[in-house]
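Letters A, B, C and D mark the chains as written, and numbering starts fresh at 1 in each.
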Amino acid sequence: ADSSTGAGDAPAPEDLIVGFSQVGAESGWRAANTKDIQAAFEDAGIELKFSDAQQKQENQIKAIRSYIQQGVDVIAFSPVVESGWDTVLKEAKDADIPVVLTDRSVDSADTSLYVSFLGSDFVEEGKKAGNWATEEFADADAVKIIQLEGTTGSAPAIDRAEGFADVIGSDPKFEIVASQTGDFTRSGGKQVTEALLKSNPDVDLIYAHNDDMGLGAIEAIEAAGLKPGVDIKILTIDAVKDGMQALADGKINFIVECSPLLGKQLVDIVNKVVAGEEVETRIVTEETTFTQEEAIAALPDRQY
Amino acid sequence: MTTQAPVVDMTNISISFPGVKALDRVNFRMFPGEVHSLMGENGAGKSTMIKALTGVYPIDSGSIMLDGKPLVISGPAQAQEAGISTVYQEVHLLTNLSVAENIMLGREPRRGAAIDWRAMRARAAEILDGLNLDIDPASQLGSHSLAVQQLVAIARAIDVQAKVLILDEPTSSLDVDEVSELFRVIRSLKEDGVAILFVSHFLEQVYEISDRLTVLRNGQLVGEYLTDEILRIELVHKMIGKDIAVLSDLDRKARAPISEESEEMPFVQAIGLGRKGSIAPVDLDVYEGEVVGLAGLLGSGRTELARLLSGADRPDHGELKIGGRALRLRTPRLALKSRIAYSSENRRSEGIIEDLSVRDNIVLALQADRGWFRRIPRKRQDELAASYIQALNIRPPDPDAIVKNLSGGNQQKVLLARWLAVAPRLLILDEPTRGIDVGAKAEIQKLVSDLAENGMSVVFISAELEEVLRLSHRIVVMRDREKVADIVNDDVTVGQIMTLIASGAES
Amino acid sequence: MNPTVSKALKHRLFWPIVTLLGLLVLNVAVYPSFFSIRLQDGHLFGSLIDILRNGAPTLLVALGMTLVIATRGIDLSVGAVVAISGALACSIIAGSSDPNSPTTVLAAVGISIMLALVLGAWNGFLVSVIGIQPIIATLILMTAGRGLAMLITEGQIVTINSAPYKVIGGGYWLALPASIVIALGMFALAALLTRKTALGLLIESVGINPQASRIAGVRSRSIIWMVYIFSGLCAGIAGLMISSNVTAADANNAGLWIEMDAILAVVIGGTSLAGGRYSLGGTLIGAAIIQTLTTTVYTVGIAPEITLVFKALVVIIVCLLQSPALQTRLGSLRRRPVTTSTGGVLS
Amino acid sequence: MSIRTIDPTTARPKFVPSRRRFDLGSRYTPVLVTLVLLIAMWGVGATRYRGFLSVQMLLNLLIDNSFLLVLVVGMTFVILTGGIDLSVGSVVALSTMIAASLLRAGWPPLAVIVIVLVVGSTLGMLVGLVIHFFEIQPFIATLAAMFLARGLCYVISLNSISITNPFFVDMAQTRIPLGPGLMITPSVIIAVIVVGIAFFVLHYTRTGRTVYGIGNGGQSAMLMGLPVARTRVLVYVISGFCSALGGVLFTFYTLSGYSLTAVGMELDAIAAVVIGGTLLTGGSGFILGSVLGVLVLGIIQTIISFEGTLSSWWTKIVIGALLLVFIVLQRLLTTLRR
């Protein structure tokens, strides 16, 4: 493809070049996301230029600039952070290259800078988690909760905490007795739970911002001689394979899905965009929630 | 002279370090236009006195008056502002900067806000010229030998319009010419009314240049004397507190010319040993039990030769045979394996390990030679340390003292002890007596002489020709990094050597 | 003042130990049974045990780091080595037919440790033979190494189910968590190696003055090489421990920033980054302080937003307390010679 | 007296000694070698990738790294004294947070910039004072500052904050044309000015030479009567100032404040300085070398994004490998030249 190819005349897929700038490879979730997107584009026969920003916004800006310079047809990226994209997105717009956002949004006031945003809604995920908690503990008089937060300052951590608090906050019987960051990692989740269990032995529910921290919490609970999922209920977000397994085993009680499988949907959007068709500006990933039974059913063909 | 008011008047100065009373209620004064020598053994407190005067060490008690006014300073910078210019004992300059900067920094010429580099170099060249030193002011200081660095430090100090000039062992690695050059400058400063504090362990120099002496012993004042009124023997007695006999004992004992008589092969044979850019190919034989002195001016290549012999630098041509076998000494470690030890002239950067104890410093080379796993048992370490502390009179006599806290001369003794401890067959000593007091110097000379008698070969380098003559069986004269003469030391005089050095072999 | 008290005050680990005790007391104040240790199924349990167990990897890495720092070096690659060794061991075990067989686990552990040694040797080679500045030489492996770890796991978290492997980071030996036993064992080994052989002396001498050491016949090159290999070994074991503790290898996050924690532990323990004198005991205390600090944040319930501010304050306080300069500036009437932190000969 | 003179016939060929004991080659060798390798890298990139061989690509290196250029200036000062500053990344983040939050509160942009610079310099000064007067190792003092600055970011806000202030937007989006198809940003000009001033200070003022002198071992500089205390504190003020200014440029670049931004940027800065030939032990190095170091890191990054097919892990491995090749070549060429 060459840069004169405007958005108007639809080229054959084999002539298309799409530039994709990924946040990094900071988690298994992210790696699955990358893999799915790469595979989807390969299946569609579209050349994908991929770059890994290693969690640095400046790298991502550089990558987008280089895509503009190389004259790709569509740019897609998962922004490291919401804010601060206007300049480079304007450059893309000036070069007539449409931009698609995945996974995370940007907070530009000028929504013409990108054609679509495909991804989950973290606040919504937090709300789903909260809803389950209210149902599960409908009969309880008081519920003590430990919250394992994601990396301090990261969007999923903030939003998942917010969504959860929105739901349970209206009910005074819920009390978050401790809320600490486990940095989205298993060992973080384990260490935090280990320490918090000592000072809060009577906790009822652990709400972890992702499966990995939940899995760490399970280890800590088991080491303390308690039964995870029974003595202490566990509620997590993500639904990666290990998490689903734990759910199936009854060690986790409920998982809100946050799907990394955006590839197919992204390819569709790209095809529509180059064909000059209208696309919705906000496309929410198809996601669900899992109970133990659903997990057992879903596990066999779980890909990641 | 005494009718004048003293420019420096220090009374009742005390300074102590953990475990050591370095100065104990000492009085000291200096008059304008006089050269005042501060005398004392290694560790007597001379450098500490100087550091008290220049604000490096805060004093525990006492008072310092400069020009009749109390001197309140908290560091060398303020001492300089108050008109005290100092050359500290170890050359304390910035080896990573140019010679010009080392001389001029702090009063660099400027154009507007910027340093005027051209003017700075020109001025530095002028000052160097005044000391008859011909080096490029733009060259990096670290690329020059220690002696040159010492001269640069002196150049820096004398260029300031100071009331008081302090020189702490400025001549320790200078040769005769350089010393007389320095004395010429000192005399002219004296004429201008500058008070000069001069520290040296060379009694000749002290008697030649100074008007007055203050003697310290163990951090205490012994007394203040006019140079003309005190005999050398008396002075030494006051410094050491007892008579020394060894001094004269060694003097000019006729040396048997071993190399001529010996049937055997020389222990060390250097054949055309040289290194591009540092020294022209040299032939040198050293027999067992022989002391070979290297004589020459600054930069004549003595140190370079020593470094090639000891594996500190790699030769790029020529051959070295040790005990008849050709060896390539690529590192000092290999040299040590062949029992060749090299004591560098630069004890601060290539000698002592500052933060280690006296004991560790003494056993280091021996231990390195034995390897990691055959650790010298602690008891043996203690014995070694104790015996050398005693033999060389290292002070304080504490094997656990940290070497950097020792006085300069005592550091040199520790270094020497390290090399003696490996019982080398060839010992290369580059300026081993630099900064060492009269008594200890005599001891060391005697030691070298004894060791040679017991079969050790020694290559001896010293800026002090008398010392070289006194010790060596044979003298190799170097000039312009070439060997120009190789003479057997029978009835050779300093004058003859000087002529050789000056004019080469043609004479 | 009582002479023993004043001697204790002068000991260079006095203030770090006081800080450690202070943190522990803070924990007890918030959570009274903090010190209680109980025996359950023949295993020791309690917050103190947790601190030791969770601090074991940091202690291990810091041990290697201490010796590297003593030679004036630094090893930024330890985090990557942690990730690689964990990733490799877990991948091997996950890929084997019988994850629970001790031979599989032994082989996996052996191969990973070999690789860690090779990585350490690689750092040592760059530093001592090629002569690259340590920070850059190890930065290369820090960057590429994490990529290597991710290559092994393909960016996924490799979860394993292997009882023998679980022992390293989560099991018990003689009532004590195995990781504590391993870390203390390595500590003893390092102490023995440096005290009972001449290695300690030679390492210090190379660190203080490499040139003078060379002249004295010290094999600086092999020594430098060796400390990096040792650091690789320590990091490798720490990697096994971390992955075993959560029975999974996370190439992205395992050992992330552990180099900073390790360096911090070393420095809090009184070893200077300028090389030379080092203190393994100090490192032990330093690592304990860092882990206690982390636990304290959880126990005391410090909000994640201000955790870093809290840590910064503790670090600066322990360093200030230790600073001889502050001690002279405050209270004490005794005056001390002016020396700059860079040191130097005062002849 | 028997004199064995040397027989003129056996005398070796006349020897022309160089005047130095340790022939250091030129002090500029590492910088030159870096430059040559940089050009070689650009050449190799140009043969591989379309659009690589353009002047604008080089200008983009400057545009995308203007903040890093400013950071390495401060870092070079610190490292030349033998210190290190780990706080720069967090101070950048803190600066973006302060700027974004104050702008959101409606403060005038120039006042905001001044406040950011003052905060950065003050933090630098505190660090410098602690390092010099309490003899705390720079690594620790600046590590504590790093925690502190990052922690303060969180205290200000966990969420990222967008900047819509017209002045900042202008600074971000203005392009200064340099010729047909060539342009730079105002940030580049600021960075170049900062580098120029640093060059002047280091080479033409006493302060600059004292910086080098301290790196040689503070003792000598102190005994020579140079203002060691003042200068040592000053370099940390400079570094703090540069970090804050770098933070301002970074806000121009990203138009937002974010507490997790610039994590690990201190390592980039240190790497750039060291790649540029400056010794971490202090006393030796050049500001222009550091600039080249930034360009080397930038060009590696550019190659990676032009390559465009590397998976996340191969990205890291290739960055490491390119760095390795560069460093080893630099090292070998430098020793060869000697």
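To be clear about the criterion, a residue touches a chain if its C-beta (ideal position, glycine included) is under 8 Å from a C-beta of that chain, and two chains touch if they have at least 3 such contacts.
Chain-to-protein mapping (UniProt): B = Sugar ABC transporter ATP-binding protein; C = ABC transporter permease; D = Sugar ABC transporter permease YjfF.
Owing to the predicted nature of the structure, the values given are computational and were not obtained by experimental measurement.
Q: Among the remaining chains, which ones contact both chain A and chain D?
A: C
Q: Please give the pair of chains with the highest number of C-beta contact pairs.
A: C-D
Q: Using only Cα atoms to place each chain's centre, name the chain farthest from chain D.
A: It is B whose centre lies farthest from that of chain D.
Q: What is the distance, in whole Å, between the centres of chain A and chain C, each centre taken as the mean of its C-alpha atoms?
A: 34
Q: In angstrom, rounded to a whole number, how far apart do the mean CA points of chain B and chain C lie?
A: Chain centres of chain B and chain C, defined by C-alpha means, are spaced 44 Å apart.
Q: Can you work out the whole-Å distance between the CA centroids of chain C and chain D?
A: 29
Q: In angstrom, rounded to a whole number, how far apart do the mean CA points of chain B and chain D lie?
A: Here the centre of chain D sits 41 Å away from the centre of chain B.
Q: For chain A, jot down the residues that touch at least 2 other chains.
A: In chain A, 25, 31, 34, 152 touch at least two other chains.
Q: Could you list the positions in chain B whose residues touch two or more of the other chains?
A: Only 56, 75, 88, 92 qualify.
Q: Give me the residues of chain C that touch two or more other chains.
A: In chain C, 150, 154-155, 304-305, 307, 338, 343-346 touch at least two other chains.
Q: Where do chains touch, given as pairs?
A: A-C, A-D, B-C, B-D, C-D
Q: So in the complex, which bits of chain C are touching chain A?
A: For chain C paired with chain A, touching residues are 30-31, 33-34, 40, 45, 47, 50, 54, 150, 154-157, 159, 170, 242, 245-248, 250, 252-254, 294-295, 297-299, 301, 303-305, 307.
Q: Residues of chain A touching chain D in their complex?
A: 19, 22, 24-25, 31, 34, 38, 49-52, 54-59, 61-63, 65-67, 69-71, 81-87, 90, 107-109, 151-155, 158
Q: What part of chain A is in contact with chain C in the complex they form?
A: 25-28, 30-32, 34-35, 149, 152, 178-181, 183-188, 190-192, 194-196, 198-199, 212, 215-216, 219, 223-225, 240, 242, 304
Q: Spell out the part of chain C that touches chain B in their complex, as residue ranges.
A: Residues of chain C touching chain B: 196-199, 201-202, 204-205, 208-209, 211-219, 276-277, 335-338, 343-347.
Q: Once bound in the complex, which stretches of chain D touch chain C?
A: Its residues touching chain C are 82, 130-137, 139-141, 143-148, 150-152, 154-155, 158, 214, 217-220, 222, 228, 267, 270-271, 274-275, 279-281, 311-321, 323-324, 327-328, 331-332, 335.
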